[in-house]
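Okay, so chain A shows up in both of these, paired with chain B first and chain C after.
Take a look at the complex of A and B:
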């Protein structure tokens, strides 16, 4: 009785992935270097939880409500800044974003515009505000203008991406009927892109509400301004009230705006399939 | 469906259209990616003819029909429509010519989220100042032309509805109205019934047939189904791999002719009514 001969298996060589390993090594080294450089001590981390409890108590056990009317007024200012900034930014983004779409503008229009958007995306709104406040001063208008310009970077990109995603059939029909470029944009592209662009414009407003609070930190007015002042004077009982107001208002706006956006997109979809009897 | 009279310009508004001939001379189309879609095609279509362009997908029939309104530029040869040489036209002159050539598509190509009215108004673009079209305003005359065009395809009652809410057959009729509102001299149809169920396909083909018979309009229609070509057109052009392989009366075309055009035996899917 001889055991049947077992043929050796032709096992394929396990693939080596040197690039993946190198990438992981790099991430690890970067993390260690950053941690070490920032000098984050484990001892400091240990005091963090009790600190949080301490300051939370200072802020919320005995809130000072005298600042409440002012908090609402400054929040309204922030929201107004966000709204004006969104409106200006969306209008500019639409005008600049449409020619930047493939199939609309020629390459020598598209490339410079896309470069401009990329540069703007690289600069945070706060930095834009610091640059333009030398001209317009420390006013809420500076904030709105910074939000408008800063918004172009992303919103114009969303605009040309949305335009490019529109199926080409309707545009072809408008061209075939003798339409020019402006007519193709208006009746071949715009009807299909409009709901998405409206939704994105509202989303821009939501983002601006959050960013406008940050812009207050450099003194252009609004809730951020107020928050900086009270924090520097360590009036925690008022800071707590301000934080609650900011969070409540931002969340309410997000909820309402999000619901409207859903209605716009769902409405567009539903109306596409409904059959009017 | 057939109760509405097509060519009846009932209000007495005279149709501005006169039917035009179409002539291709040694037309070759090479796309930028190197594909040669048409190879030395020559054909002349007389005013008022209704011609089927038959071939499998990829045979070049979409390209052929698009050279007639300049959507696809020719690489070699000339395309003449009426007394215009399409291959020589640019910019405004090309748009002007396109204003005289109506076109309908397989996918209807309507703006689904705009009203039926605004979709049909697109047919007036070549004859209207741009600013007016951008705000969607229509002159009384354009409005009249749009309403008549919609009435002639039996879609007048949907004029204020959204195009996206219509069924496929209704969409194609609105697309025909859009082309008719151009008051065209030539009508092109690129696989107009390939997205429709058989009964609707027949009614859309009948619409095209009536446009040809009642208005005397030159009609070129791309089809891949042999029975539709035989039933609704008088002349048939066969394309195979970009070359003209058949030209003759549609009714006389035998199964063998179709097999030669397709380059394979006839299959059930080559007919609409199996």
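Take a look at the complex of A and C:
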């Protein structure tokens, strides 16, 4: 009581849980072992801050603006990949995600589908692209397909979770009125789930914009391709320009898309004013 | 009788908007698929032409070559170690940063906006881009990988935790202020314990993502499983690639399940 309890709260101790303590000890030991085994030299760590300052100065003090048009063109390619990938991925995920929802598909449809989503979720997009490029070659189309297929893993999961979260009243009403499964989906589930699904589709596009820049690193084109090239040639003044373009484009797409998503989920702003009044 | 009318419910006022939205989607799709504008050329012919080639390799993928398994343990271990170390480092940095990025725990608006802007910028750079640049800066190995993962995790954890602090009930903070605490004392005694479950849950989630991301960082030389993926890809050893994918699958799903169980217990 008299002693201020500040110090113990900073690292909340839970003395009555020996199992939790044991787990923490285990994590700490694992952490130290991992750090020690990774063998990151202290000398590397010591030179790290000056290195980063040095390269940051190389990148941003004297930018080579001649690369700007090319940077924008390649970024547009990446964004195009992201859009086509999102469109294909969302259509596929919706078609696969609806039967995977509880109350729509029978268990022998649901379980294999959910297993498939889990498997796709576990494979990185880059690896999917490596597999796809054997068939399509190193083109932006490969990137778009990889984004579409890789997106199914998470997006189909969000789709069936959204549909399962729809209150069952409307679908029961449709069933009671004699509707079949297709009618239940169309009139009972879709109207309630559509806004959230639309919002998630836009979010998928935002994620793809980031991932498409990564896919360029394996050579499917886009801004990632350019970044790898200039980084390997250590043309830091150009790399700096490319990074600024990536950040600017990503953040503006996020901002626009975020605004549209808020509009979809919350409705027009006029109604907000009425509600708060 | 009413059933027939219910089949096509008339929605007179929404069709212009639907048309506008559909039109916008079609226009953007056309713009992004026009090769003349540098878009994605949807070339189904290439699939047909390369099918023999691809089918061959996909057939190889279907027959995983398990003999590569012993060679995967070391990179897999490195991947997991990188994921764990990075999650721990980012967790340590995320505590003060989340408190600085949330309104109730940091009333100083310019400082808060500055922290948030820096984090927004960090989040806008894709993970492999960090890795590529860091490998060029500090050399090949686990260090650029760990730094990449730390930056990646900070972006996610700080955003989600600070949003949780923002939207949480701030009564406990007012209590701290009423008792005469300084902002630092209030944060340590009230805000920190209150956000602990969210924080721990997000760190676990970032660990989960780390395993997935660190598996590919090696593609650009940042250590771990990706180095092996890059190698077998270079030799067109798709049967070995299949083994690696299966192994990653098992590890990622095992970690996802463990982390889900732990996170449920945190709630």
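Assume the second predicted complex is superposed on the first by the 250 of 277 C-alpha atoms of A that agree within 3 Å, B and C clash if a C-alpha of one lies under 4 Å from a C-alpha of the other, contacts with A are read in each partner's own complex, and residues count from 1 in each chain.
Definition applied: a contact is a pair of C-beta atoms (placed from the backbone, for glycine too) under 8 Å apart; a residue touches a chain by one contact, two chains touch by 3 or more.
Not measured: the values here are computed from a predicted model.
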### Query
If you stack the two complexes on chain A, which partner ends up touching A:265: first (chain B), second (chain C), both, or neither?
neither
### Task
Have a look and say if chain B or chain C is in touch with more residues of chain A.
C
#### Entry: Partner chain(s) touched by A:170 [first = chain B, second = chain C, both, neither]
first
#### Entry: Contacts of A:178 with chain B and chain C, given as first, second, both or neither
both
### Query
Where does A:192 make contact in the superposed view: on chain B (first), on chain C (second), on both, or on neither?
first
### Query
A:140 contacts which: chain B (first), chain C (second), both, neither?
second
### Task
Name the contact category of A:239: first (chain B only), second (chain C only), both, or neither.
second
### Message
According to the stated criteria, A:44 is in contact with first (chain B), second (chain C), both, or neither; which is it?
### Response
second
### Summary
chain A contact set shared between chain B and chain C covers 177-178, 187
### Query
Which of the residues in chain A come into contact with chain C in the complex?
5-6, 9-10, 12, 30-31, 34-35, 37-40, 44-45, 47-48, 51-52, 55, 73, 76-77, 79-81, 83-84, 87, 118-119, 121-124, 126-127, 130-131, 134-137, 139-141, 143-144, 177-178, 187, 210-211, 213-214, 217-218, 224, 227-228, 231-232, 234, 239, 243, 246-247, 250-251, 254
### Message
Considering only the defined contacts, which chain A positions touch chain B in the complex?
### Response
169-170, 172-180, 182-183, 186-188, 191-192, 194-195, 268, 271-276
### Task
Quick one: which bits of chain C touch chain A in the complex? Just the residue numbers, please.
3, 6, 9, 25, 28-29, 31-33, 37-43, 46-47, 50-51, 53-55, 57-58, 61, 77-78, 80-82, 84-85, 88, 120-121, 124-129, 132-133, 136-139, 141-143, 146-147, 185, 188-189, 192-193, 196, 212-213, 215-216, 219-220, 229, 233, 238, 241, 245, 248-249, 252-253, 256
#### Entry: chain A contact footprint on chain B (complex, rising order)
69, 71, 95-99, 101-103, 105, 107-114, 118, 122-123, 125-126, 130, 133-134, 158, 161-162, 164-167, 175, 178-179, 182, 188
